[in-house]
Every structure is written in C-alpha cells, then in structure tokens.
Amino acid sequence: MEILIINGPNLNLLGKRESHIYGNQTFEDYLEALKSKFSFPIHYFQSNIEGEIIDQLQQTKATGIIINAGGYTHTSVAIRDCIAAIKTPVIEVHISNITAREEFRHTSLLSPVCVGCIFGFGMRSYELALKYFSELK
Amino acid sequence: MEILIINGPNLNLLGKRESHIYGNQTFEDYLEALKSKFSFPIHYFQSNIEGEIIDQLQQTKATGIIINAGGYTHTSVAIRDCIAAIKTPVIEVHISNITAREEFRHTSLLSPVCVGCIFGFGMRSYELALKYFSELK
Amino acid sequence: MEILIINGPNLNLLGKRESHIYGNQTFEDYLEALKSKFSFPIHYFQSNIEGEIIDQLQQTKATGIIINAGGYTHTSVAIRDCIAAIKTPVIEVHISNITAREEFRHTSLLSPVCVGCIFGFGMRSYELALKYFSELK
Amino acid sequence: MEILIINGPNLNLLGKRESHIYGNQTFEDYLEALKSKFSFPIHYFQSNIEGEIIDQLQQTKATGIIINAGGYTHTSVAIRDCIAAIKTPVIEVHISNITAREEFRHTSLLSPVCVGCIFGFGMRSYELALKYFSELK
Amino acid sequence: MEILIINGPNLNLLGKRESHIYGNQTFEDYLEALKSKFSFPIHYFQSNIEGEIIDQLQQTKATGIIINAGGYTHTSVAIRDCIAAIKTPVIEVHISNITAREEFRHTSLLSPVCVGCIFGFGMRSYELALKYFSELK
Amino acid sequence: MEILIINGPNLNLLGKRESHIYGNQTFEDYLEALKSKFSFPIHYFQSNIEGEIIDQLQQTKATGIIINAGGYTHTSVAIRDCIAAIKTPVIEVHISNITAREEFRHTSLLSPVCVGCIFGFGMRSYELALKYFSELK
Amino acid sequence: MEILIINGPNLNLLGKRESHIYGNQTFEDYLEALKSKFSFPIHYFQSNIEGEIIDQLQQTKATGIIINAGGYTHTSVAIRDCIAAIKTPVIEVHISNITAREEFRHTSLLSPVCVGCIFGFGMRSYELALKYFSELK
Amino acid sequence: MEILIINGPNLNLLGKRESHIYGNQTFEDYLEALKSKFSFPIHYFQSNIEGEIIDQLQQTKATGIIINAGGYTHTSVAIRDCIAAIKTPVIEVHISNITAREEFRHTSLLSPVCVGCIFGFGMRSYELALKYFSELK
Amino acid sequence: MEILIINGPNLNLLGKRESHIYGNQTFEDYLEALKSKFSFPIHYFQSNIEGEIIDQLQQTKATGIIINAGGYTHTSVAIRDCIAAIKTPVIEVHISNITAREEFRHTSLLSPVCVGCIFGFGMRSYELALKYFSELK
Amino acid sequence: MEILIINGPNLNLLGKRESHIYGNQTFEDYLEALKSKFSFPIHYFQSNIEGEIIDQLQQTKATGIIINAGGYTHTSVAIRDCIAAIKTPVIEVHISNITAREEFRHTSLLSPVCVGCIFGFGMRSYELALKYFSELK
Amino acid sequence: MEILIINGPNLNLLGKRESHIYGNQTFEDYLEALKSKFSFPIHYFQSNIEGEIIDQLQQTKATGIIINAGGYTHTSVAIRDCIAAIKTPVIEVHISNITAREEFRHTSLLSPVCVGCIFGFGMRSYELALKYFSELK
Amino acid sequence: MEILIINGPNLNLLGKRESHIYGNQTFEDYLEALKSKFSFPIHYFQSNIEGEIIDQLQQTKATGIIINAGGYTHTSVAIRDCIAAIKTPVIEVHISNITAREEFRHTSLLSPVCVGCIFGFGMRSYELALKYFSELK
C-alpha cells in the first residue's frame, strides 16, 4: 500500500491566502498530521500545469491515488482520459461542497472515471479517502 | 453523539435482489457490523414514502444524519427543504458512483444543503460518513 | 362557503425552526387569528406526504381550497392532475416570493390549473386568498 | 399466471369526475368486465402515495404487472428504480395518448425499464396488456 | 398611505375590445368602485410607453405602487431596474393567470424585485393588492 | 373491417439480418400467422421511400392502419401531416422499446396524431394493434 | 378600404444611410409611387418609440394595417398584444429576408398574431401586402 | 418568363380532405384561375417524394420557382442544398400562417436560401408570389 | 472632435438613490469634472425612453458616441440596429462589472456593433472611453 | 474486393453548377481517373431519393461502401439504421469540411455507425477511403 | 505602483503572423512605446502554458495586473480561481471585440472575477487599462 | 515536403496500456513502419502539456502537420487559435471513431480550422493523412 495525493492549480495557496475561509494551515502542514495517522507511505504532488498532473498520473507507482484537480476538475478531458487509461484506482476529493457553489462547478469531468467522490468535509476529505484505501482488501 | 441513518426507496431490497451486483449482504446485516465499529448509538430508518422520510428528519433527536435518499435524491424539493430547515448536520451517501450512471442521476437536489457527499464506495460510503462524525469536534 | 387550507411538507415547522426568518408564530396560532376575521368555517390540513394531500383534495367538501404545497409545488404532476380533476376552485399561495429564490423554485407545476396565485406577502398571503373567496359571488 | 394491475394517483376518480371525458364507468366496474375475459387471477391496487406503490411492486407475488402510474409517470425515479430492481415483467399503460397532451407528459421515466408501453386506447389499454401476458410462453 | 396604480400597454383597451372576455367595464369605471372601498388616495397612470412608466415610478410620491406592466412584464429589464432602485414597495398584479397562457408569459422579469405577486383574479387582483397595503403596519 | 399494415425503411430486413436479435422469422412469415388469427382482410405494404408511404396512406381504402415507420418515425413531418389529414384511424407500433434505445429514438413525430401507440412487444406489437381494431365498435 | 402602413425604428433612415445596400430611395419617395398604383387611401406612420406604435395601432380607423416593426419585431410582446387585441387585420412585412440574417432575427413575436407575413422582396414587400388587401372581398 | 410551381407532400389532398378548413377547391382548380390572370406559362408539379422534388428543381427550365414544400419545409437539408445550388430564384409560400401553428413548424430550413417568403394568405399566397415575378425587371 | 454621452433608463438616479453603493455624486456633477479634463465639447443626453435614445443616435452631429444603455443593453434590437446603421463610432460603457451580476445581464445586444466595450471601472469607465476618442487619429 | 460509391442528393450537380467553387470536373470524370488507380472494381450509384439509397445499401454485393449522403447526412435516421443493419463496412466521406460550415451540418447521423469518416479533402476524400479499403487485410 | 502585463497563448505571434490584420508591430515594440508614457515600472510575461500563467499570477509582486489570456479566456477555471484567490486587482483586456466574433468567444470565464474589462480597442486596450491604474487612488 | 506529427495527452500510453483495445504496438514502433513508406522526412512530437503543443505548432518548419490532440481536441481554444494563426496546413486525425463515443467527444474545437479530418481507422488514420500530403501539388 502506497498512496499518492495530487493537488491541482491554486491548492498551493491553501493557508496562505483567504485564511479567513481556509484557516492558517497549509496543505504541507496538514499532510504531516495525516501521515502520522496511517502506516503506509503517502506521497504528495502539486502542480498548476495540467500536463504535469497527467505525467504524474502516468508515472506513479502508487497503489492508490487521491486527486483534487482544482479548476481542472471541470474542464480537463485530458486528465479524465488519463485516469481512465491507468489501472490505479483514483478517488476524487474536494475541500468545499462544490454543488453549493457556482453552476459551472457542479459538474466534474473526472467523477465518472474515479472510484468515488468525497467532498465538503474540508481538509478531512483527504483523510476519509485515505481511510477507504487503508481498509481496502 | 448519536447518528441516524436514513435509507430511501428500494434500499430495503439490498442483498435480496440483484445480488450479482450488490452481493448477498442485507443492509441490516451490514448495519450490525457497522455498529460494532463505533462507540455511539446508530439508529436506522428506511421508508419508500417521501413524506415519512421528511417526518423522520424533522423528529429525530440525533446529532448527525446520514441519508441515502435513493430515487428521491434527484426529484425531491421537499426533502431538500427539510434538510435546509433543520439544524442537524446531514451527510449524503450513495453506494454506487452516481455520476457514472444515467444522465438523470448526475444531479442531486440534496447535495447543496448537505455538509458533504460521499459516493461510489459501496456499503463503505456509510462507514466513511460515520468516521467523519466520530471525529467531529 | 367553507374553505380548506392545505399546507405541504415542512410547513409544520413554521415558527419552530428558522425563527429569525419566519418569526415565532406557528401556523396554528396564525390560523386562529385568521378564523376570527372571517364568518365561514376554515378547515386546515398539513401533511408531508404527497399522496395524503391528493387524498385530501379528492375528499374535501369545502367550496374553496387554498394550497401551499411547499416543495411539491415544483415537482408534483400528481397534485396538479388532482387539482385539474376536481371541481372546487383552488388558490395557490406562498409565504415567500418564490421568483426571488433559487432557479428551481421559479416554476410551479400547480399554477396553470389554479384560479390564481398569491405569493410574497408572508402569512398574509393566506388572508388575501380568503378575502377573495369571501367576496366571491 | 397471475397479474397485478397498479393504478397511481387520481385514477380512483375515473368515472366519478370529468365524466364528460371519461364516461360514467369506474375502474372497478371495468375491472369486473375485464376479469370475465381472462381465466387467470387479476389483482388490483390503487394508491395516491408514491411509496405505497413501491411497497406493492416489491411485495407482489404476481407473474406480471400492469402499471398506470398517473402523474408519477413523469417524476418518479423511485418507482423506476423499483421496476428495474424486481424481476417481474411490467407493462406501462395509459388511457389517453400522452404524447398529444402537455409537453411535460411526453416523457415517461418508467418506459425504459418496462417491457413495453401501450397508450391511447382508453380503458382498453389495460385489456391489450392482459392479452399480451395471456399468450406469453 | 397613498397608492399609485400603474397600468402598462394595451390595458387602456379594457372594456372596449374583446368584451366577450373582459366584460364591458373599463378600468376607469372599476377604479371608481375601488376608490370607494378604501379611505386613502389612489392615483392612476396608464401608458403604452415603457420609458414613461419608468418616469412615473421614479417620480411618484406614493407610499405603495401596484403595477400591471402588460407586455413589458416579460421584456423590460429597464422597468425591473427601476423597481429595484426606488424604495417604494411594489406589488405586481395580472388580471389573467399568466402561467396558463403562452410559454413566453410564464416568466416575469419584474416579480423578483417586487414584494409579491397576485394574478388570476380578474380585476379583483388590484383590490387584493390594495387590501394588503391597507393593513400594512 | 379491413386493415393495412405499413412497414417503413429497413423492416424488409427482418429475419434476414441481425438474426441473433430478431430471430429467423421474416415479417412475411409472421404476417401469414397473423392473418390466420383474424377474420378480416389484412393488407401489407413495405417501402424504404418516405413519399411512397405517404402515397399509400392517402390511397388506401382500409378502415384502420397499423404503421411502423422505422427511421421515419423520428424525422418525417410529412408522414405526420398525412396521418393527421386522412380520416382513417392509425395505430403506431414498434418492435423494440424505443424509449430504452438512443436518445434520438425517444421522440416520435407520429404519436401525437395516431390513436395510440404500442411498442416493446416484439412482432406481437402488431397483433395487439389488430386485436384493438378487431373489437372496435 | 383604407390602409395604414406603420414603420418601426430606424426605417426613417432608408435611402439616407447604407445606400450601397438599400439604394437612394427614401421610404417617402417609394410611398408616393405606391400610392399611385392603388385607388384607396394609404396612410403612413413612422416612429422609433414602441409605445407610439401601439398608440397608433389602437387609434387607427384603417381597414387594414401593414407593419414593419424593425427591431421591435423580435422583442415586443406589447405590440404583439396590441395586434391581437384590435380587430383590424395586420400584415407583417420585412424588406430583407430575415431568416438569412443573424440568429436573433429569425423569430418574430408578431407573426403568430398577424394574418400573414411577406419578407425578402425589398420595398416591394409592401406592394404585395397592399395587393392582398386590394383584392380582399 | 416561365414559372414552375412545386407542391410537396399532402398538398394533393387540398379540397378533398379537411374541406371544412380548406374549402372544396382543389389546387388544380385554383391553378386554372391563376393561369388566367397571368400572361406567361405556369407549370405545376406535385410529389410526395423528397427526391423527386429535388430532381424537378434541378431539371426545370423555368425562370422562377414557387415552392410549398409541405412537411419537407422543416426537415429537408437536401432540398435546401438544391435551392442553394441552382441559379433560378425560388420563392417559398405557405397557405397557412406557419408561425401560429405547432412549434416544430416555426422554422423553415428553406427560407434562408430563397428570395423571400409569403405565408398566411391561403391559396392567394401563390398569386402574390406570381405577382412578384410578373413585375420583376 | 465632439463627443456625445448617452445614458439610458434609471441612470438619472445616480447619486440620488442607493447612495451606499454609488456614492452621492450625480452624473451631472461627474460630467462637469470630466469636461474639465478634455479640450473638446462633450454633450450629454439621458432618457428613459428607448425610442428617444434612437432619435438621438440618428440626429447627433458628434464625431464619437459613448453609450450606457442601462436595461436596454440586454433587450433592444432597435438600438443595436441604429448603432449599426449610423457611421459615428460608438463605445459601450457600464459602471459596474455586468458579468459579475445576474445571468441576464451577461449578454449585451449592443457590444457586437460597437467599437469596443469598457465596464467595471465605476464612473471612470466614461473617462477611459473619452481618453480613447481623444487620442484617435 | 469490390467497392460501391454512393452519392446522395445534389452531388450529380458537381462540375455543372457552382464551378467557381467545385471546378469543372464532374464526379463521373473524376471517377474514371479514380478507377485507373485501383485494381479492383468500383461501382457508382447516385440518387436524390433517400429510399433508393437505402435500397442500394441493402442490395449491394460490394465488400466495402463509401457514402457521401449529402443533405441526408444530417437528417436520415433511416439510412443510419440501414448502415447499422448490413454487415458491409461503410466509410463516410465529404468533399468540404462540414464542421466549418453552417451549424446544422456539424452533426452527422451516419458517422457513429460507419467505420470512420474522411472530410475536407475535396474529391480526394473518396481516394483516401479507397486507399484504406485497398490495403485492408 | 508597479504593473504586470500577462499575455496568454499565441499573443507572441502578434506582428509576426496575420500582419494584414494586426499590422507589423510586435507586442514587444508596442510595449516599449507604452512604457515611455507611464512613470511606473511595467513588467511583461507571455506564456502558452496555462499553469505558468497561474504561477506568475501567484508570484508577482505587482500592485496591478493586466491580463489578455487569449484562448484560455474562455476555458480556464483554474486561471479564474487564481485571480479570485490573489489580492492584486486584475483588469481583463482584449485586442479585438470578442463579442463580434465566434459564439464561443462571447463568454469569458475571467470577467466576473476581474475589476473590469476593456476590449475592442486594438493594442490601445492595454493603454486604457494602464491609464486606469495610473490614476487609482 | 516535411511533415510533423503531433500527438497530445495520453497518446504516449499507446501499446502500453489497454492493450486489449489498442494492441501491443507503441506509436513509436508504428512510426518507424510509417517512415519507411514515405520518401520525405516525418518528425514526431508528443506532449501532455497544452502549451508545449502550441509552442511546437508555432515553431515548426514543417510544410504540413498531422495532429491528434487527444483530450485537448474538445477543450482547447488556444490550440485552435494557434492552428488558425499559422500558415502551415493541419490535418486532424483520431484513432477511434469519436462520434461513436461519449457525447462530449462528438465536437472538436479544432476541426473547423483544419484542412480536413480523418478518424476511425485506427493507426492507419495517420497514414491516410500522410498519403494526402504526399500527393499534394
């Protein structure tokens, strides 16, 4: 068991901007806390570039992937194709409840090719996904 | 902490019909297994009648609700209004990945008024929701 | 002259929840005040169950009906069919201005088969409908 | 061979209201005539409540079902799911030609999961469906 | 308390054309009857010109406005903007049940910025609106 | 009583192609079996040409028509106009359940001008239509 | 017989602007030529103001009206209502072929309430409409 | 000058069916009356077959064409392509006001490639088109 | 160089209503400040009447026009036609960022026929447009 | 190996009309040149009649078919059904780049049931299709 | 005061390709001219890569940003999210009048999160944006 | 003559993943075979990054380009703009028949600005495009 977390564009700003909304915790800090809760390796990759996310999805040796593709969630047929092509199971997560935001965020191009989707639980969405993987037989 | 799980129409058929898809485990059996994993009381209510689900949502004393509204997910403004009106936090779950099924299942009327949504993880979607509640401060 | 007021799902919560919006007056309290203003009998029925509302519409002996179908306003072809089938005139009322709320509340399936529609006047929407019936020749 | 006929909301008004359209014959009267034409048992269930129709669909021991879901035809994902989940073959019937009526009646959520559909033949739509079952090998 | 009634295009034809539908009473005649029922001044303005209606809305000193904008109901962003900008409360009325007429009459651009809407009660729609204002605290 | 069955484009391939779906029986063979079940004359016409079907509809002396217009079902305003113009009652049939196939097959231009519609019962759809005509008073 | 021609917004620019398209003839010049061809009086009214066109339609004593409503063709429910309310027959004309221009010009709100429509024949569209009136019995 | 009138599907029924709407005059009778009003030859072609209409459009030696394509008006890209390809000017006519009928009749695929369009004047629509051609310089 | 600024409906309310949003400065005051910044004459016209705006556009002798058509921006084909017909270059301005407001304000009918568009800069949108004209060669 | 080329409506005009676009070469001339490049027989069929094209598709003994269905490409469910029913592989070709033309030409009903599609290469589109067949193993 | 200009994909081709449209001036040349007009530093960044534009938006220390996102204007939720997240005010500019071009260019995903938008003024659109910043208090 | 083949995202997985669909041949292997069939140089570029594909399109010295943009086919206005801006002719190819796959793959943003399109012929789609270039005069 080895999990890769992929964060898409602007998620590197977590904890640095809009702290009145997201708090002061960066994803890197949260990640450390997460790692201490699970006994298997958790890798992390963030990029603002669509194609680099695809590269990462193709090359990873992880046995499970957790992706928060940020704005690419709603526009990237290319990431969707990649998730469909690789064998590794992928879980889609979002920090906010995307169905309660703007109309164009209600539809995810990625959901239909992922195992499942977890959104609306803040940073804890990642933990629930890890929980799922951790007990997978 | 006290959680109510509400299952909507046809979910009483789980484990009895279409067992090649859903296996032979009924929800009641699964529920027993679930209860043993958490230390707080977990109540269960199933109904095929939209209004009875609304009654239940209004009357429960639980501190958290997990709902799988089945077919009413996509048509019930009334259940949506109820979830919005009550103060108890509600998590929406689905056994299957609803975004990978028929077009009319892609939109949930309930999601925008729930805390968050977990779908695609089979019966384990319920467990992940319970996990979230169990660690809520 | 004998009027039946029918309230649909969640309207039993008036005055009990979201009191910062709707105040502390329950519909039952308001109804008492209403009754004192008109000289004919005013009956009241509330249900969260779509089919029970249909049963009531079919069985009533009232000479006029005032309906606030709540969430069923926007989804119930069955209630619409019932109003169209019975001979008793029906007035549709809403407490809030439904055209100023979410997109899915802008269209009422019931309006085209009702005599008319009154919405946006708070609890007083019911009174205006009664006023109309009271002076009907 | 044993057939269950299920009638949805407002179909209990047949022959009692709008007799200039539907005549003076109630469905119960028509049913008696129907039963005399076929040698197998024909059961009958009518309800205005969506969930009770689902209960009935789940519990019946009939070998074939004929359903006229009335207004629920166009809105009930829950009845659709139920028909898809049970093994008993279901035929959808309508008294009127629903494609020649209002726009919102042109689409049936139930048709895709039924064996077939018969509409526009008045009360005789039921008889044609029975005819089909009666000669099924 | 001082109310202004504004009628839009073609409402000057009431009682003069299509009398088989609307009867022989002109709005002016009806207005006289109305005035006798209420103790406060009721002013009246009719115009076929969109911009003149806006002028009137801007300049009135009335404490409440009742508007039947006729055909401009469905096309005038400019009247909508004006109603939103002024402080005087505005009630939208229609003589006929606009939801039971042509598709393009189902949506009113004005409703979302008015206090509420009353339609389908013939000339009496105006009276119900006055009734509302008359008891406003 | 004299019935004309009209089959549209590609229905001459029945029993010859895609026999794994439709079996090895041609429509001509089935027709012979059908004729033996009814005491009145049954005529048959098949064409791949839209205008020839219109010619036939205009010229027939039959007292009832059963049409399976194949692909023209979804595109021919001209056949629709013809059915509306002639006095002979027409029943629309389809072998398969067209609502369970591709989106563009869900809407029939012909249904609104036919007496009724029967689909999904295989070749037996024709027999049910004949059954209806045979007992028409 | 007495005909009123109504030209809407910007048609007063004919022959003065864009002469490479419309030539150098003003509508007034063309009107003189037209008048000499018919033995009955032909009146003419042009306005850029929607409400003034409505005023004119309401007040005219002509026995027939020819209208080219320019840009109001596609946006004016108020002019449409007026044409529907008055008894005088109205013919809609356009100089250009509006169906071969921008998408938003393809639909005329006025056509359904006019006797008929003539467009694409340049200035001669008016003459053909007059021709129709001139031979009306 | 030599004009060809082309009538599409079902127009051969004029005067024979639905005489309460269209009267008892066949198009052939009307044509004779028309011919006597104009000094140039007028040819006539009617067919229910789309491709034969295209053949005729391609082969005619007429200097002007008047087409009433009936139901093909709304569905035939092929006739449209043909009108666009040939050099002969074509006028589209309709007997009824197609914009006041069913939604699917509001759009003509042919209009954008014709010189102009005349509809709603009964049989006289043809005469107005001829009038236009007769004075063409 | 001579510029005409045209303001449409309700813009005469600037500085008088909703001052918490738009401040206390009227457009007339702002205009004085603007005039002092540019060396060429700046004329000003405001009207709530669509047709008067068209009249002004047609009659002006200005060498450049700046228009803020208010609510007519989204509904007036007639103003659009006028801008397209006249030779004077027109710049469209808006005080607010119309794309961040209600859906129906996102599309301007005028933009495609204007030179360009400037919006979102408050009153300064007018100044930027003047700046553009002032340096035009 | 034996190939049939089918051309639909108006393609018989190639080289005869609109020669400034398509040149002076008829399809027959081009066909002769094509035949000299391939060693297997190439048959040719052209018709303006939808049903005749279906007849040909059903009856051909060719091992491969190249179809340019002209205007029927966008409207013929019947030709689509035929291609799906027969076993012979079909390639769709177009002379022009249909995606760069009018909106209604962007969607082909035939493409999903053909092997593949080649368009935009002028007459050479046919040659590329033949090339594909010629090297098919 | 320090401004960053960001140009998106293909804007590096300005002055090098399609010079008959855009002239021979490269953006770099124009930039030099621009810099000489303003007293504060103006930085410039161009990239064809969506994610690099996001990187730049996140990292810049400028006090104002002017962005012409080229083709990403209409597709990039990720750039939109970034503009919304950072505090620096952003102005959207376009060289051409995007509302007068293809349909898919009419909607900008970026506009709603920018201060304002300036388009249609050629290269001078940038200058007007700088002018706005230069006088910002 | 010098051709550049550009493959977009995930096409580097050909022959490595989903081999039951695409076989075991990588594109690199296939390319070698291709090169041996043509006498001119064939260059190859693959990238998962949208902007790198644009860079390549701008910088190539090839006389013809063949592009399979993978998932960017349906979402990239930026690649479309680039193809439209450069002078080199571009052919769009796809391995599969994209019209027979998911709805969102039916529309290509690139097709309208390419010379033509070839899809559905497996790897041989590339060869047919090369064949076209090889005989271009």
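Here the chain labels run A, B, C, D, E, F, G, H, I, J, K and L in written order, and each chain numbers its own residues starting at 1.
We take it that a contact is a pair of C-beta atoms (placed from the backbone, for glycine too) under 8 Å apart; a residue touches a chain by one contact, two chains touch by 3 or more.
As the structure is a prediction and not an experimental result, all values here were calculated from the model.
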Q: For the sequence-identical pair subunit A and subunit H, determine the rotation angle of the Cα superposition and round it to the nearest 5 degrees.
A: 180
Q | Centre-of-Cα separation between subunit L and subunit F, whole angstrom | A | 47
Q) Hey, how far is the Cα centre of subunit A from the one of subunit K, in Å? A) 31
Q: Please work out the Cα centroid separation of subunit C and subunit L, and write it as a whole number of Å.
A: 62
Q: Going through subunit H residue by residue, note those that touch at least 2 other chains and give them in order.
A: 49-52, 75
(Q) Going by the touch rule stated at the top, which chains touch which? (A) A-B, A-K, A-L, B-C, B-D, C-D, C-E, D-F, E-G, E-I, F-H, F-J, G-H, G-I, H-J, I-K, J-L, K-L
Q: Enumerate the contact residues on subunit A facing subunit B in the complex.
A: 97, 99-100, 106-108, 111-121, 124-125, 128, 131-132, 135
Q: Enumerate the contact residues on subunit B facing subunit D in the complex.
A: 8-10, 12-13, 17-18, 47-52, 70-75, 104-105
Q) Inside the complex, what are the residues of subunit A that reach subunit L? A) 49-52, 54-55, 58, 75-82, 85-87, 109
